[in-house]
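Notes to accompany the following structure.
For reference, chains read A, B, C, D, E and F in written order, and residue numbers begin at 1 within each chain.
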Amino acid sequence: MLKKKELTQTMAVATLLTLAYGGVAYAQSEADAISGPDTAYVLNTMLFLIGGFLVMWMAAGFAMLEAGMVRTKNVSMQCTKNIALFSVAGIAYWAVGYNLMYDGVDGGYLGSFTPKDIPATDADKGSYTAASDWFFQMVFCATAASIVSGTVAERIKLWPFLIFVVVLCGFIYPIQGAWKWGAGWLASGADTSWIKTVAGAEFQDFAGSTLVHSTGGWAALVGAILLGARAGKYGPNGQINPMPGSNVPLATLGTFILWLGWFGFNGGSQLAIGSIGDASAVSKIFMNTNLAAAGGVVAAIILTQLFYGKVDITMALNGALAGLVSITAEPLTPSPLWSIAVGAVGGVIVVFTVPLLDKMRIDDVVGAIPVHLLAGIWGTMIVPASNSDASFLAQAIGVGSIAAFVIVTSLVVWTILKFTIGLRPTEEQEAAGLDQAEIGLEAYPEFGSGSQRI
Amino acid sequence: MLKKKELTQTMAVATLLTLAYGGVAYAQSEADAISGPDTAYVLNTMLFLIGGFLVMWMAAGFAMLEAGMVRTKNVSMQCTKNIALFSVAGIAYWAVGYNLMYDGVDGGYLGSFTPKDIPATDADKGSYTAASDWFFQMVFCATAASIVSGTVAERIKLWPFLIFVVVLCGFIYPIQGAWKWGAGWLASGADTSWIKTVAGAEFQDFAGSTLVHSTGGWAALVGAILLGARAGKYGPNGQINPMPGSNVPLATLGTFILWLGWFGFNGGSQLAIGSIGDASAVSKIFMNTNLAAAGGVVAAIILTQLFYGKVDITMALNGALAGLVSITAEPLTPSPLWSIAVGAVGGVIVVFTVPLLDKMRIDDVVGAIPVHLLAGIWGTMIVPASNSDASFLAQAIGVGSIAAFVIVTSLVVWTILKFTIGLRPTEEQEAAGLDQAEIGLEAYPEFGSGSQRI
Amino acid sequence: MLKKKELTQTMAVATLLTLAYGGVAYAQSEADAISGPDTAYVLNTMLFLIGGFLVMWMAAGFAMLEAGMVRTKNVSMQCTKNIALFSVAGIAYWAVGYNLMYDGVDGGYLGSFTPKDIPATDADKGSYTAASDWFFQMVFCATAASIVSGTVAERIKLWPFLIFVVVLCGFIYPIQGAWKWGAGWLASGADTSWIKTVAGAEFQDFAGSTLVHSTGGWAALVGAILLGARAGKYGPNGQINPMPGSNVPLATLGTFILWLGWFGFNGGSQLAIGSIGDASAVSKIFMNTNLAAAGGVVAAIILTQLFYGKVDITMALNGALAGLVSITAEPLTPSPLWSIAVGAVGGVIVVFTVPLLDKMRIDDVVGAIPVHLLAGIWGTMIVPASNSDASFLAQAIGVGSIAAFVIVTSLVVWTILKFTIGLRPTEEQEAAGLDQAEIGLEAYPEFGSGSQRI
Amino acid sequence: MKLITAIIKPFKLDEVRAALTELGLEGMTVSEVKGYGRQKGHTEIYRGAEYAVNFLPKIKIEVAVADDAAEKAVGAITSSAHTGQIGDGKIFVSSIDSTVRIRTGETDDAAL
Amino acid sequence: MKLITAIIKPFKLDEVRAALTELGLEGMTVSEVKGYGRQKGHTEIYRGAEYAVNFLPKIKIEVAVADDAAEKAVGAITSSAHTGQIGDGKIFVSSIDSTVRIRTGETDDAAL
Amino acid sequence: MKLITAIIKPFKLDEVRAALTELGLEGMTVSEVKGYGRQKGHTEIYRGAEYAVNFLPKIKIEVAVADDAAEKAVGAITSSAHTGQIGDGKIFVSSIDSTVRIRTGETDDAAL
């Protein structure tokens, strides 16, 4: 962060001023005084807290999107999975995830296997508070888990899913995260570092197109393959049986929530707002993030209109999210126009790859693989086009190495679960719906076929 | 609060440090220093970003309110319109809208026909960042478009609607906006300015009762008239056939979202929070805004109870919004009591004018015209009662000139659309519902008459 | 922006400073200067405004949670109650509540019976603005009212309920609130104060486990007892007839909204963020709050799985809220691990006491009594375990005295209402649903038994 | 007595009811059904995959009438539900052995 | 065999089912219907405009029984569904030519 | 003509429809019903209290056919709806006095 330098003079002045006339200032207000450096510290912390609660809100967005995209008989289960995953993700990321990702990685592959503890308020050093940092990083981790739940919906039992979430948030996500955000081997800034020597730049992933979204996407993809498709989804001789989501407005609400949360996701990833440069950066990120989402929607509605003669709202919603994922790897350097373009390509990816996955008989209930995995790769690989500090090779190395790691580790975990407690409910249970099988409460008990009024 | 105690020492130290040698303050934190002026700049920017994401969230509020107020067969379409309009609004406002509204209007009628571009982070001057300003203004523009979609719901095709949105957000809204917020002829501060000479004051519209809400309302009204009513809404001999909304809790959620967003809408319109005066102003605006909404609800539930013997929740929801629109023109100067009164009158307007519009056979599906247009006019005209820097004449000139401009321009656009690609679906399509006709997906496929379970 | 003028004095100083040494700074930005103390003042105010809008958003959370937990025939009524109660709560708390709670309590039992008025922006002294403080306290008051509406749902008429809300928010809540937060007899800091002499410490309730949640809970409990259970809820010979909520995803959404709002609820209760210590405290509160909620969910899903063989999502949702309520009395001093434990016990309380209440034939529709009252007591009594400035005796005195006051006062009010205008609709009305009886609009008119399509 | 069962297009319900009440038949039971027949459904595309909606929303009306009233009733329904478009629906007439009005215990014609 | 079709008030369903099971009739098919008859609906006001809700929620019960069981069944339904209030509903009895139990292929009385 | 009324398990609908169309019967009316019979429902626990879900979702199919087609149709439904599990459902056959096709006014067999 080079703005460091610029500001030191300014700061000197500021301090002087406080020295000289601080007293006068006092006459103006009885609030505790705060000095220049502390102000930046507080502002950075507020960025994390505000950005963090916006990203936390994304958990509700995923819940609503998924509740709207699954069939009625699995809606209560999907709601349960979402509130439960956000809970276990938070605990796992405190118990081991955070320190595994950030504690002394130092150019290496992982940090320490220790729970995160928080210094006393008066010993809380750095550019922001320790707890605000944990909070902000935790909600990112939970996002990766939310991505998985959407893809494997309607056919996975609750407990094996939650166990996977524990491993994902406690180990898989933090380890690959350490490589870049933990200042590991993909990041290390020294010009002599392996990545720079080999690729001429470190791996760039501003807010996590790869670290968060592709990671969740890979885990979801592996899970979907091991699980197999929902019963009846694919007929003999390549027939595909659509299973329309049960509640379009809920899915729309979920998408709007995610869109809103993304301002915290990308904006907060600037990690600081306590200076003109940072404030300007965060603002530009807000603008680019919104334009990319808009580009994704517009691309999706135009393409579905052209191809199918009607606008597919579920594609439009996926398009918005794909646009957001695409810009996430680099929301700062692009021009507004470039942001629209990057997002629009995300929308295009959705429209083309959603049917493709069906052809491959990979059953992705909410379209999380096109949105988070494929658009995430696109967004990451296109960074060098707008950011001269990135190199295609470095991006490829990052995308590839993280892909390899997440695929292998999640494959191991999914497989163990499959052959121990098992992933899928029985056929009858799946037919009756997971709500009846594992939750015992219909989502809409008074209407729909299961009406309990009779 | 005992932390006070704990902190006083800490504080004492802190103050000492700062007074004595600010350098030591460094010992306390490693954050970059920030000087007084920069702090205000950052705080103002944060006001725009936070206010901006709250107003962005209003797009979801309109989506839910409208999805709840239309009939089942048009819900998917309404969701599609809302996410699409927010997308195209953002792009149009970047491509031309913003600069047309703000770039060198200078006492005149419009700015420049250029896209908005963002300076480098280190050249980002002013009282706040350029991008945060664009973001904040953009979401206002989108709000105007959302207003239109509610009124013309259930009977307008997707594409002509979106084309109208492009023109509204790219040209109509920005031009009239330039007159006041762009420092155009309704605003110019010089005492020799035309408006001041004629009316003794500039036109006052703090957060846009007229510029945003009435503008959207006028465009909606003209559209509703040109479109005509929904099939079957009005019978022969003045008969009115109510078409109850399909989902009351969604409409309620939408209203709560809008209420929340309004704190950003009005509070952010203070345009600064980096001083005691501004912070105090923003706070008072929050308080008044909330009280006005409350006044609107209370007025609506009491009146509907008295007139109809039952409380009409849709009127209560409209009442909240009418209260909010009413206070939007001047949320700062009123006392709390006056704010309640201004909002309550908004609620009264709703209860009386909703049926009136039906009598006039103007089919306003969600009540946007009473809420945004009529309450907007009321709120604008009453400003002088609490703000001595406003004059009734100036308010009337503003309301009238903007009305004239928006009516004429939107009439032209709607008419062109009507006689080119056409505005309405066929009768059969309207009867079957726009979801089937243009989206191809029911909102609730598994219940309601269209159940796809069978 | 004419507020400019008002501010010029304030600015004069600032400008002077900047003139003197600010040249460099000026080159960087044209924003108004702001001095150290003013910065803290503005930051504290922002904490109140942001925390306040998050808590305001909780009103929507309660609305959705309750709309999802009641049966279809009472959903419109529940939505009406929630938007109406938030409105009247705001007005009542302005008209008398705030000053009754904070104006000159001074070690005593109540403040003054006067409406809250707001100083001019340039006379707005203290550590934060007066209006931001009012706003923040008002939304807390509304929360207490929301708690009541959930318990007494499906069987209380609208108007008597709203009258109760007026009394609760105008008098009952503020008076008991004055005892602690108004610096009344439970709080007074002097070592010679009665509470300290008797109990060795003042009563500690950081964000209101007792003042807000138990207060709402007691009022709800008394109401539920006086009202009696919903028709058919309890059969002869102790039979219990479950009445499943009509919309699980809405209830889930409501819970996520409440979870989000709680960051404002607890975080904002630090009352300041304008220093390193405060920023660090607010951050730790965010972390602990999230972990407690997570603990509540995990405890609830594990227990229901063990006891019932299925996971009860409504218990999981209650568990999250119980975890949040439990940590609310002291979200700052606990370690992360202790926070999880405190929240988990909240979840345990829910799983055990929800059926218990049914056995006692106390009909609590949404589980507000276990969540807000019982978990609130638990959270308050356990404070001394992590906070050495608290004493069990002082906590017991606080819990007991507030319980006594709220039980008695609300009993009086409920009783008067019962024997004057009456609390319950007729049997037929209750059977047909309150939507038909008092609102005249079904929540989902196009599906469910009441379909108006036919 | 006869039980007349008519499957009609939903938007025709009000007209049919009006026609029947004109005949003094002021009782009927209505339900939502799905129909399959000559009138083909429509195909939709969801996320790129095509699927057919074969069953179309219809309304089923059941009216019990005295034997002599049956013919008129059938005529009234036929004309009031008629659009000429495919999918107008069917009317089935069958016999009822006995009828009871629960409220009064009245039976047969008196119960209608 | 006879098919007994009863239109009753929704909240009476459980009582009717109990009454029938007492007779050893432990099979029935139930559906939600809307009824129109002497019992008039209610009028509501939506956004200032009045409208009538003519069709009221009812439950339709279909029970197939052996000829000799019909009378008892009708009696049981009549008494268990009775409130004396207008809108109690109707019972229609008609003949069934044949019956099949899909699971076993059993026919007629054996299939009930 | 005969009216064949079949109560089947919901997931069997498509097979039954296929079987009937094979016989050239390309018209039917379908509705959602709840069934009560030998197949017992399930009990659930909601917030700690147990309750029984007695009525199970079933699909009701009504097909009007010419007399001679009835037997075949019944056979087709029986075999296509058969799982052998309890709850497979029932088929009832009754007589229709007359039929009308609303669109054309055609009657009886011609109307099917």
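Please note the rule applied: contacts are C-beta pairs under 8 Å (C-beta built on N, C-alpha and C of every residue); 3 or more make two chains touch, one makes a residue touch a chain.
Quantities reported herein were computed from a predicted structural model and do not represent experimental measurements.
Here C-E and A-D were compared by C-beta pairs in contact; the pair with more is A-D.
A repeat of the C-E interface exists among C-F, A-D or A-F; more than half of the contact pairs are identical by residue number at A-F.
Centroids built from CA atoms put chain D at 48 Å from chain B. Centre-to-centre separation between chain A and chain B, using Cα means, comes to 30 Å.
One finds 53 Å separating the Cα centroids of chain B and chain E.
Of all residues in chain F, those touching 2 or more other chains are 10, 30-32, 34, 44-46, 55, 94-95, listed in ascending order.
Multi-chain contact residues, meaning those touching two or more other chains, occur in chain B at positions 7, 10-11, 14, 18, 28-29, 35-36, 38-39, 41, 46, 50, 244, 247, 253, 276, 308, 310, 312, 314, 440-441, 444, 447, 449, 451-454.
Of all the residues in chain E, the ones that touch chain F in their complex are 3, 17, 26-31, 64, 94-103, 105, 111-112. Across the complex, chain E is touched by residues 2, 6-8, 31-38, 54-55, 58, 60, 74, 77-78, 81-95 of chain F. Put simply, chain C touches chain F in their complex at residues 240-242, 244, 308, 310, 312, 314-315, 351, 354-355, 358, 367. By the touch criterion stated above, chain E contacts chain C in their complex at residues 10-11, 32, 34, 42, 44-46, 53, 55, 57.
Contacts from chain A toward chain C in the complex involve residues 9-10, 13-14, 16-18, 20-22, 24-26, 28-36, 38-39, 41-42, 45-46, 48-50, 52-53, 56-57, 59-60, 63-64, 67-68, 75-76, 79-80, 82-84, 86-88, 90-91, 94, 115-119, 121-122, 124, 129-132, 134-135, 138, 158-159, 247, 250, 253, 276, 438-447, 451-453.
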